[in-house]
Amino acid sequence: MWRAEIKVLLKKSVLDPQGRAVENALTSLGYTNVNRVRIGKYLEVTIATPDRAAAEAQVREMCTRLLTNPVIEDYTFTLVEVEA
Amino acid sequence: MWRAEIKVLLKKSVLDPQGRAVENALTSLGYTNVNRVRIGKYLEVTIATPDRAAAEAQVREMCTRLLTNPVIEDYTFTLVEVEA
Amino acid sequence: MKPEDWRRIGLRDNEYEMILNILGREPNQVELGMFGVMWSEHCSYKHSKAVLKTFPTTGPRVLQGPGENAGIVAIGDGLAVCFKIESHNHPSAIEPYQGAATGVGGIIRDIFTMGARPIAILDSLRFGTLDDPRVRYLFSGVVGGIAGYGNCIGIPTVGGEVYFDPCYQGNPLVCVMCVGLLETEKIRLGKATGAGNLVILAGARTGRDGMHGASFASEELSEASAEKRPAVQVGDPFMEKLLLEACLELIDGGDLVGIQDLGAAGLTCAVAEMASRGGTGMEIELAKVPCREEGMTPYEIMIAESQERMLMVVTPEKEAKVHAVFQRWGLTSTTIGRVTDDGLLRIKMHGQVVAEVPARSLAEDSPVYYPASSKPAYLERTAELNLAEIPQPADFNTVLLQLLATPNLASKEGVWQQYDYMVRTSTVVRPGSDAAVLRIRGTQKALALTADCNARYVYLDPYVGGQIAVAEAARNVVCSGGEPLAITDCLCFGNPEKPEIYWQFRQAVEGISAACRSLETPVTGGNVSFYNETKGEAIYPTPVIGMVGLLSDVTKACTLSFKAEDDLIVLLGESFEELGGSEYLAVIHGRVQGKPPALDLAKEKALHRVVLAAIGQGLVRSAHDLAEGGLAVAVAECLFEHGIGARLTLSTNGLRPDSLLFGESQSRVVLSLPAESLPALRELAVREGVPLTEIGRAGGDRFQIYVDGVPRVDLPVTELKAAWQEAIQC
Amino acid sequence: MKFGVIVFPGSNCDLDAYHLVRDVLGAPVEYIWHAEQSVAGFDCLILPGGFSYGDYLRCGAIARFSPVMPAVVDFARHGGLVLGICNGFQILTEAGLLPGALYANTSLQFRCRFTTLRVENTDTPFTRGLAPGQLLSIPIAHGEGNYYVDPATLQEMEARGQIVFRYADREGRITPEANPNGSVGNIAGICNETRNVLGMMPHPERAGEALLGSTDGLLLFKSILDYWKEGSR
């Protein structure tokens, strides 16, 4: 069993309104040393398969088919082996 | 300079409708070997401070004050040293 | 310049020749890019201009016809209504949520650019069939995007339509209409006048997103367009809300000479149109344009289509104040140039000229094409419908239940409950009736709004179909108690370079024009979307009509629901043996065939006079037009809100029972009224020569239809309602 | 008495609350721009619905740091009447003036429709004019009205009568079907311990005129006026 930890962010070239709003908020709260705030999605999915390679392939497939929209989003993920 | 990578999830005690919806969607797409789907937020914030400890402290503070709502959310984060 | 340079950005060889003649020299990359986006179909209307000129566009109430960002008609009390419809089909096909959201953002900017306060949104949507998971994804994404943007910015989405047909499988249609209110003397135009006046850019920073959106929208969707994906962008409704408030405050204070939103073709289009309309030129310093990304080139800055940006022309005295207002609203605004009197757009980067072209040449001198047109072959096939081949249904109960449950007729509540249709607390008739009605604060008046098109009719006969689209919109407005004022149109068609498509286009426009003339509803603006094809297959010709009507007394607003037991049910208009193009024929017998029902515009107009008088004199308690599904479906729809049943006793008078119950003959309305009102109503009908038939009574909890004494339909209202309500999950 | 409607960037029901108080209730009312630092001279503050700061990150999360908020918190702590509607409710929970939190409807969709509310506590300035168990027809319009609070706190709140409105069916029963967003215990509105701060997801300002389908929302505002007239604070 694997837990896929998937991070999804808008492509760098795409406007990230949330990120901008939060960056402004942080600055006005006095955190003037922050920048490049980006806000996206975080997903955890547990996959029952013995084999890491199979798990990786499946995550990629699920990301392109359902979990993300490649048109505007990029994703990265890591696999953590977990107990059933 | 540090890039804080912050993962925010609903507390285990709080029902996660989005996670459930996505789990159903995945299953109906034929991914019958997935479960425990949880969906939250992923935030990246770049912090200009030489010192890791200071960066850590600041992330905690920003998370409790603004970035997360402790009533319903838990968060974890990692710091990555980056070039200015 | 090599041919591939201009072809790559969609310019044809002859168009490049024109550019050479205009400039008297070779354009540089930046200039070529500017011509490329401005002369794209989307911005230049090069294939439709000539035909659009034939629309009737004038009338006693029209203050602003086509040509500006939106049309405006006067409604008395020194007030006017500003409205426009626009499509965002191609972006929505690729990123449904953001594609639809930015479509909403764009049309809202068109309205407040004119100085109007946006008060309502309508959405007209078309998708493939819901058995396809991709279609369900597009459907929920588009609806989510409209909700996400409209709800956030706080403009109620009060009406629209949703249709499903295989012809839209790969090419959904997403048309959004916005309606605004303004004081007549506050009208602002997108004009740059007064040499020496300053040019200010406000709102979002410019990014690389939306590159070539304009030329992208002018191509058939192909596998290739997947590569152009960056053309889709993310909307920022919060930014637009601030922009809206700031701009209206400035317009209110009379601080602007001219104002123009940045849409397709971005900065290029805004500066070209403003200067061209004002007969002036502009000098712009691109280094001053706030950019979201490092190292953007002049080319990129000029054609980027980043959302939520506005361009303004102000006198030097006002400059400081204008910047101050934007700052209070938390927005960036920058003076990026000045108006000149030489008619040239002089674009500089760090003081160095990177482009210099006549403003007019971009905005006005684009090529005009008169494509060949020829009657489509398919019409031969579809025209012949032999009713003898169509068996009468054995069981009318099942047919009625089936029809109510077909996605095209079923309740769209699953859609509009996701929209905030109440914000601004002026929505008097909510989604779910015919036209929506919004009161106008500070007056006794109200507006009736609707968006309509039966594309199957247009497919089977573009001329008649075009007429019917206008007539049905007007009928919806009238049934809500409104006097039809004017229309805006969103003409969605296939590839105009195909003669059969262009024939559809010309016929539909002629039909719309004819209807607008007799119903006295001029065209005040609109939008053309060509190249709606996938793998060479065109959609049905789909000219969506957005109509605005006026009620002089908001308390007279009428809905379609039966409201009292024992009320009489009356049918106005005449029923013919017309099953051609009907939903019944398509759903029950699997045929898209025949001629659409005939339309007599004089009879239509007479019907409107009767219904408006009846509502105005308070004779009736409900009014509903007959559309898809015919008489049986229309009456069923009147039962659902209050769960009041009905008993109809009809006679065929030589018609087939199925034609009588499900045929879609035009110019018909069903009314409910207390018995004592009947004589007065009959008098109105007789005076206008409109056939009036008493067809039954409201009451009980069942829907029963007797045809020539034979019980044909007998079902509990609850069962009918369930079938109708649960059909569409969104 | 004078009402103040606080305008955050992105508020969009400010105008509706303003019109209801001025044109229907007939009481003095003014807008208060979020950048103000004082709310002196006002007797009841309304935090209106909308999408303050786009509701980016979390509903109300950024607005609660607006310059005006310290004054609002101070006003509330000294017993001033504060009514948070929809986004206003979300801001009040984020600001800690009300317990719990609001998050995504279980449908994951925005919902706009009339709901039936059952009045659970009439011993507040906002509901004193109502009858216990009275049913009100008031619309909702939100995507994140799913109220959550941990079980322990919920018990205390119940005990202290802090639950003011619940979603009910037409017969007044508290059923899952009547719950439009999944909120715990069908909760639609709550008040603080001292009962001078009310937060509710439904929009009473949208139910103030027969023309718009219901006048039940007006009853809340009338209660506030009566409470004030009697000077019982």
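Letters A, B, C and D name the chains as they come in the text, with residue numbers starting at 1 for each one.
Keep this in mind: a contact is a pair of C-beta atoms (placed from the backbone, for glycine too) under 8 Å apart; a residue touches a chain by one contact, two chains touch by 3 or more.
All values reported here derive from a predicted model rather than from experimental measurement.
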Neighbouring chains common to chain B and chain D, by label:
A
Any idea whether A-C or C-D has more C-beta pairs in contact?
C-D
Which whole number of Å gives the spacing of the CA centres of chain A and chain D?
35
Cα centroid separation between chain B and chain C, in whole Å?
41
Using the touch definition from the top, which residues of chain D touch two or more other chains?
53-54, 56-57, 62, 65
Spell out, as numbers or ranges, the residues of chain C touching 2 or more other chains.
236, 238-239
What positions in chain B touch 2 or more of the other chains?
66-67
Please name which positions on chain C make contact with chain A in the complex.
94-95, 98, 204, 207-209, 229-230, 232-236, 238-239, 292-293, 306-307
Interfacial residue positions of chain B with respect to chain D in the complex
10, 13-15, 17-18, 21, 66-67, 69, 71-72
Hey, which residues of chain C end up touching chain D in the complex?
144, 147-148, 151-154, 236-239, 241-242, 329-330, 416-425, 427-428, 430, 439, 441, 554-555, 730
Under the definition above, what is the set of chain D residues touching chain C in their complex?
9-10, 12-13, 15-16, 19-20, 49-51, 53-56, 109-113, 139, 141, 143, 203, 205-206, 208-209, 211-213
Quick one: which bits of chain B touch chain A in the complex? Just the residue numbers, please.
3, 5, 7-9, 22, 25-26, 29, 31, 33-49, 58, 62, 65-67
